[in-house]
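Labels run A, B and C following the written order; every chain starts at residue 1.
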Amino acid sequence: MRVGLFVTCLVDLYRPVIGFAAIRLLEQAGCAVAVPEAQTCCGQPGYNSGDKASAQKLARQVIAAFDGFDYVVAPSGSCGGMIKTHYPELLADDPAWALRANALAAKTYELTQFLRDVLNWDAIAARFDGKVTYHDSCSSLRELKVKGQPRALLAKVDGLALAELPNGEPCCGFGGTFCVKFPDISNKMVEDKVANIAATGAATVLAADMGCLLNIAGKLKREGSQVQARHVAEVLAGMTDTPAIGEEG
Amino acid sequence: MTSARDRILGAIRNNLAAGGRQAEAYPGSGPEPQRAKLPPAGQRALFLRMASQAAATTDVATARAEIPALIAAYLKNHNLPAQIRVAPDPRLTGLDWTSQPLLEVSSGGTDGSHPVSVTGAFSAVAETGTLALTSGAPSPTLLNFLPENHIVVLDAKDLSGSYEDLWAKLKAQYGAEMPRTLNLVTGPSRSGDIEQTILMGAHGPKRLHIILLDEQT
Amino acid sequence: MQSTSHLFKDNVARALVDPNLQQALVHVRTKFIDKRQDAINALPEFEALRDAARDLKNHVLSRLDQYLVQFEENVARHGGQVHWAQTPAEARQTILEICRRANARTVTKGKTMVGEEIGINDHLAANGIEPIETDLGEYIIQLRGETPSHVIAPAVHLTKAQVEETFRKVHTELDPARNLEEPETLLNEARHRLRGRFIVADVGITGANFLIADSGTTTIVTNEGNGDLTQTLPRIHIVLAGIEKIVPSIKDAGLLLRVLARSATGQEMSAYTTFSTGPRRPGDLDGPDEFHVVLLDNGRSKLLGTEFEEMLRCIRCGACLNHCPIYHAVGGHAYGWVYAGPIGAITTPALIGIENATPLPEASSLCGRCESVCPVRIPIPKMLRHWREEAFERRLTGTCARWALALWAALATRPALYRLATGVGARVLRLLAGRRGRFATLPFASAWTKHRDLPAPQGRTFMAQYRSRK
């Protein structure tokens, strides 16, 4: 089974280990993984800022880059959701591309969703000692309806205890350009989120979206919290020897 | 100059047409909740439960003749004035109120000076514990709102399971017409406008008491 | 109503440091959400009802003209009168004329957001007619000279202490020693005051939750019973409603009622749902002598057939406000016009122009919680994006944002150049951060670093590492 990895721009730039963790998990699950060179960004910054033309251009670029794969997997609900739910809308007026957008949408998945729902795989071989909590990104939770999948996989990690995040449904306040356009509102949202994280007593917060993680880790560190933030793939793949997000090292 | 009516209707038609909007077929009014599909006894139990959940109080009378005594007892138990304004409905005014000598009974509409009203009900909906009160000569609307205490006598035979049942009853009774006012009443008046704390008795009755007349049991 | 939507950012800055507002908003985030969830858990058919409600409203909108005409005929058949108003000014004039004809001195009002939309209170007052709000929350804010901050809880921005202060200030004859600290005392005070006003009012104005075409019936939903006193006691009842409130028949109103209260307050049904058909009939002991319905367009018709049509499905339950993190943070007044929260952020640009409300659709993280709770499944995030597209096309978006977007697009559509830029960027940031792993401040990133640290990249980009591994 040929799987194309959509790395996502934030993972590419900020935290390559997540990409390698995703590859390891997919290979453990029996996939042949390739990373097309022509990918950059899914187009969300333009799409969400009203720059439809740029977003369409990028969508076509992604569609072309991932032609020929059986599946496309992204370690992000946000980028996965962009491809899966928004590309077809974005290119709806262009019949030839709409067809291709639909085809790509149908074979694109968020990482944990792909492992559980498509491969029905949970042979996790990883250890992570301690109590963690899990933040559902808005796009995973509401756009892709991903909730049980990461939890089912985390349950297979030796030594790991999951404490559910109280009031877990609200957004963390990242929202792409939202967090810099409306920094004070975003701050209130992330304040609430880290307070809830602290309330769980977990030493680590996990999520499947680098955007949320940058925001949450940045706030945790600003507040002097000892709680560490990591992408769920790092823990599932047993690649947690690198410093957590925003930590010294 | 064209009338506002013509401009609005014209704009609607033009914009629908410009958007290529086809008239959609009527899609139906959705599923009828399973919870309301019960035999009569179950409907009565559901109604009483849902009405209580909405903060109404309830009593069951097994014969029409019991009603005056039940009302007198209710008023006494709640330290309410023994003074009732009864809707000019023969089914209520015809009751033997003399059996309750301490009860001051008058009949008619209300100007707000009556502390307790007693009215009938057209029907009620078990699904949500909701009374259906229709206006008319024997059932002035203000009796449902002005007094601080509203007592409603509901004949179990008139109970509807679901809203669909109620609409059917309305149609059977009123045909293509509607009564001037149909009040669906679910519990007493309340407000949550101050710090989202629910308080009873905002403008309408502070207490809603329902006597279910169930002559079959 | 005068709008300050274009000043959203200033409004936000004030809201965030208003201690009373912040204290009051805590109640929104907890009580409404939990109660709604409990009500929905108790009704297994809820999701199917949402689908049906959406389909019903779509059906109505697709033949709105026919239903409006049918409604008008049936109102007339029962002795009532329909008045059409394309603009707020026309609606105000119609209402004023009815009031003048009746020599009205006071007008009681049930809750109507369309009334806010057309600024009816100020208009009546300016013409010597006193409008009296009767919904408890509306009454409180009228005393304070404020507007509603929430579609179903107009005074949700106030604390109990503020309400008490207002009562004491306005009702100067109140005994200072009287304890008004409990909400119950405040409620009784308002009930007592308003009862007198209800009795003497000449005209009652209410809104409408639904207009029923096949019977000419209007419907209001309240918990207090104020709407019923408003429309039953005065000689004249005026219903003020947007043209989108039409449903074909009473069973369709029943469908929407099944989702309305549950979504709004988490009740199975609100305490009072009232269906009104025409004026008092022979033999009736009460009820109004005249029954008028004012139908307002105000820009609604131009949404039909466009990508914005779906917002006309709204049944004004407030669930999107109750679940919105932006609303939770800043409350309703920051939105600057009649409709607040997510539905306000899409409705306001439609009714007053995107050029007058550009910040509203931008002020969302597009988290989608509004859509996930909307009883008629309005795709609010999609519409926020549509407005952003329109603002972008009309160059209403900020210059800085446009430049940033252009730079991003130029890089992202050229993968080789992009690799080069990100490769350099990641390494420079890593070097600058040193061993610390994050930045507390960084030039050009102050909007981020004002409130949070910026984690530093790990070093080489994924693509660079992947290529060298291959």
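Simple rule for what comes next: contacts are C-beta pairs under 8 Å (C-beta built on N, C-alpha and C of every residue); 3 or more make two chains touch, one makes a residue touch a chain.
Source: prediction; values computed, not measured.
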item: Contact graph of the chains (line, ring, star, complete, other); value: line
item: Of all other chains, the one whose Cα centre sits farthest from chain A; value: B
item: Two chains joined by the most C-beta pairs in contact, as defined above; value: B-C
item: Averaged-CA centre spacing for the pair chain B and chain A, given as whole angstrom; value: 52
item: Cα-centroid distance, chain A relative to chain C, in whole angstrom; value: 33
item: Cα-centroid distance, chain B relative to chain C, in whole angstrom; value: 29
item: Chain C to chain B touching residues, read off their complex; value: 24, 27-28, 31-32, 43-45, 48-49, 51-53, 55-56, 58-59, 62-65, 68-69, 78, 84-86, 90, 134-137, 140, 153-156, 158-160, 163, 183-184, 186-188, 191, 194-195, 198-199, 214-215, 217, 223-226, 228-229, 232-233, 243, 248, 250-252, 254-255, 257-258, 265, 267-281, 283-287, 295, 297, 301-306, 309
item: Chain C-facing residues of chain A, complex; value: 7, 9, 11-17, 19-20, 35, 37-41, 43, 45-52, 54, 57-58, 61, 89, 138-139, 142-143, 169-171, 173-190, 192, 214-215, 217-219, 221-222, 242-243, 245-249
item: Residues on chain C engaged by chain A in the complex (per definition of touch); value: 9, 12-13, 16, 325-326, 328-330, 362-369, 371-372, 382, 385, 387-393, 397, 401, 405, 408-409, 411-413, 415, 418, 422, 425-426, 435-438, 440, 445, 447-448, 450-458, 460-463, 465-467
item: In the complex, chain B residues that touch chain C; value: 3-5, 7-9, 11-13, 15-31, 33-35, 50, 53-54, 88, 108-109, 111-112, 127-130, 135-137, 140-142, 144-146, 163-164, 167, 170, 176-197, 199, 201-205
